[in-house]
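Naming follows writing order (A, B, C and D), and every chain is counted from residue 1.
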């Protein structure tokens, strides 16, 4: 996956996050949206990468997790809790995907996993989340996505 | 019949079937022991196994095995074999020799029909194949109890008393070199103790080529008693001894005086494609010279 | 109704028990496995039932911490179902072992011999996770049932739910690693962890929906959640297909397409229709697990396999119904038993009072921080100890593979510590006796595992026969005294000859002077005069006071011994010369 | 509070009891009275300058230590040795004894490799494992279990002698 494509994936996640939790939150609507995003991410991954690259096996899941991270900033309530949980999901995907890939001889992405974990842990300390803080968090996520 | 009666009857049946299910019943014991098999049966089974259809292994080039890349590995010894495919004609004498050396049992008719033989060496498209004692053996990483483990001198050894028979190692071997003891071979009269030095494996454990571990152990202890440096020079495996074409060469990859190194140095070395990346100790030789 | 259900489940259980008994007796050959598939149906069933075991915790604990309001009896029923499914799930990996009595070797616990399970194996992670999850589920159910009456129990209810939340997901993630961390081509997939969680939650929801139909009411939110699960499962199936190129159409139909009939209002509004939709999900998920474990198709499903499936459902049904009836008072509280309630509408999150807490000040966090600290501490200590053991024994491992062990240890310790205060200060007599009994049981188990079983002696007869060495190289006059051949011969000499001739080749003073005629002094001149052959002859056939050794020593070895004696005599003379020279130098 | 203490004590007791019962020595102590030939270790050992390997011929060199055959005894006993009171009874017992007067069933499991010689070469004295009970002709009470073996192989038992040996499984198991 080239850096260009990976930043494109990031932009896609950002765009998808825009549609989530708008208006009245309904289980079926949000579920359908997330399902749609997941399918789009899968198709995107298949288009830009080869299916034989083991690194891409959990790429759509990472995109979905990133999308969830972005989307939590627009939640009305319990933002901190869901923010942490969305990052935990991202960490989960990276960690266990990494463990199963490490078995097949692909190096575990320590930097990425630790960065997400650190951000996840430190965001539990956030008190009321301001607009600036939201922006800051987004920058952090994008940085982790692209740099690590 | 009222409900109480019905439940009582059901639970009696349940207890009965549970009891019937208990393995290793004391009263089955010796009474069920059958006659010992004859040597001819072993020969016939080898012929049958060799006549089963098998696909030819896909071989890829590998470099010569070197020192093991793991903590505590020996700098002096790494035992292994090279099988000369130019010389091998697939006669199967190695399989029989291995059976006699390691007390490998017969299998039942059912198992044989499914192709589940216990032979540690099998012919894959006319090429003898056995556990390659990979340096990074995935089976050892997966074994939950540590029964499959590596010796410092390059053997992937099995500690049968520590095996719970989870068969996870079998699923993790890319080439399926491991064999599972589905039967109690001694009790079913399928086993003949050819060699006193090798214990017969019990039901429910995984087994595989040990690279004639017992020979190496005996030699190591004898040499160490006399205070020498052990390089395994006096040892040969049963299959290598039995090969009429001298196609199987056993030796020490780290000993420049070993016949194995002398022979393999001049040849092109190959390994099955699934194992090539796992640092196998047993390789195939073709061409070169 | 309950009686009919009970009889149906018994009818499933009894033939199931027969096939379980046969499987235990026959071992893994009983069920369908082939040369490529080593695992077979028990593992499919294990994954299936452990998946079902997630629903209870999901509905109860996760919804509780996320402030999704849920009726008490729905959540307690779901928890009970979790425990029953967990019992069923734990049986299958145990019974599929080849050597069942060795199962305890999977525990990462050093025995007195210092041998330890391979903590890098996913099966060990599995074992720990299921153990910790089972422990916490039992505790959670007890706490939940007591929380109506006891304020202490109520106070640790939510903190326990927070502990269970990651644990329940961790369990199924680790189950997925059993497959993802292998070389089987059909099992590769870094997406497996999430895929398995989705599958587990999905099938668990289906089970809870069936159960609610049986109880006579429904929860629309759970049904909708199940549908969302079916979409995601479909997406994962397609992704799997895109990566590996084989799609399971049957699974797709049962688990993804058929549930969409829920959108037909006639199906949705009838109890039978809802049961059918949820059952189709269960069938689909069971098939999905079967196809997962049998990538090559196996050798067909036999009667034992069918019996094992029956056993699972039968056992689950029987223990669930028994527990349901026995605990009905605790479960129902003041509510009506099996009343035909059309909709037990969960209160919308909007009606929940929203309370803001600054970071690290929530009551759950306050309750949890000390137990968690202890849990993390013990986990770190454990890992350090494990790494030490692995390094001491020279076992290769990778750091990543220790991570899956962390969560069960932290959670189990934290859960235990959390319950410690009520246990110590608020326990009655019955509870106390139960606790002591559990402690004894735990101690006995731990002691047995620690002690380990003595192996059976081989019983081979040790007597006086047997050669000491095969001689392949004999020492000669040029051998040095520390060459291998000489050392080997020396060992034989010391065993056979030194009693009279002395280890130095002269005399064993203590013995000879007191009892025996003094043997010939074998100095160099005499030995050379007699010649090697005649001395070998003496060793083998004896002479006056010397016994014949033929039969006990090979002729080859006898020659070696003679040469060794000559070497001894040579060095004795050299010593003598040196000694004389020393005396001369001293004067 | 009371119950917790009881539980902790019960747990510890159960643990040690179970460990003790599981790990008990396989064979009971026995005396060597029943053999065809009366034998006293004390009269054959250091007092007359004989090493253990004079009778247990494999003790210093082979895997098994072996028991003496009649021929091994007769190497010395073919001559009248002392005027002791029991010597005549001994001589007649020896004359009647079979070719291999002693044999015993090995308590070594089949999958364990033990080599007496290699331990001797490494400087392990017989008494380090066998204790001194044999000097009083009491056999079999020693703790021959894997725990004892491994403690020594890890260098924990005889610290002054600095024994340390291979601890990988396949060094001793097959």
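FYI, a contact is a pair of C-beta atoms (placed from the backbone, for glycine too) under 8 Å apart; a residue touches a chain by one contact, two chains touch by 3 or more.
Please read all numbers here as calculations on a predicted model, not as lab measurements.
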Whose C-alpha centre lies nearest the centre of all protein C-alpha atoms? C
Higher C-beta contact count, B-D or C-D? C-D
Note: chain B sits from chain A at a C-alpha centroid distance in Å of 47
Separation of mean Cα positions, chain D and chain C [Å, integer]: 36
Between chain A and chain D, centroid-to-centroid distance (C-alpha), Å: 67
Overlap residues in chain D, where contacts from two or more other chains coincide: 61, 110-111, 117, 168-169
Please output the residue numbers of chain C that touch at least 2 other chains, ranges allowed. 115, 181-183, 394, 401, 455, 460, 469, 488, 491
Of all residues in chain A, which are in touch with two or more distinct other chains? 103
Touching residues on chain C, where the partner in the complex is chain D: 112-115, 392-394, 423-425, 427, 431-433, 435-436, 438-448, 450-469, 488, 491-492, 494-496, 498-499, 503, 508-511, 514-517, 545, 547, 551-552
Which residues of chain D touch chain B once you look at their complex with the stated criterion? 61, 63, 110-111, 113, 115, 117-118, 120-121, 166, 168-171, 173-174
For chain C, which residues are in contact with chain A within the complex? 67, 166, 169, 173, 176-177, 180-183, 188-194, 221, 224-225, 227-228, 231-232, 235, 238-239, 242-243, 354, 356, 358-360, 398, 400-401, 403-404
Taking the touch rule as given, give the residues of chain A at its contact with chain C in the complex, in rising order. 27-28, 31-32, 34-35, 38-39, 42, 46, 51, 54-55, 57-58, 60-61, 77-78, 80, 88, 92-93, 95-104, 108, 124-128
Could you list, by residue number, the parts of chain B that touch chain D in their complex? 72, 146, 149-152, 155, 157, 159-162, 197-199, 210, 213-214, 217-218, 221-222, 224-227
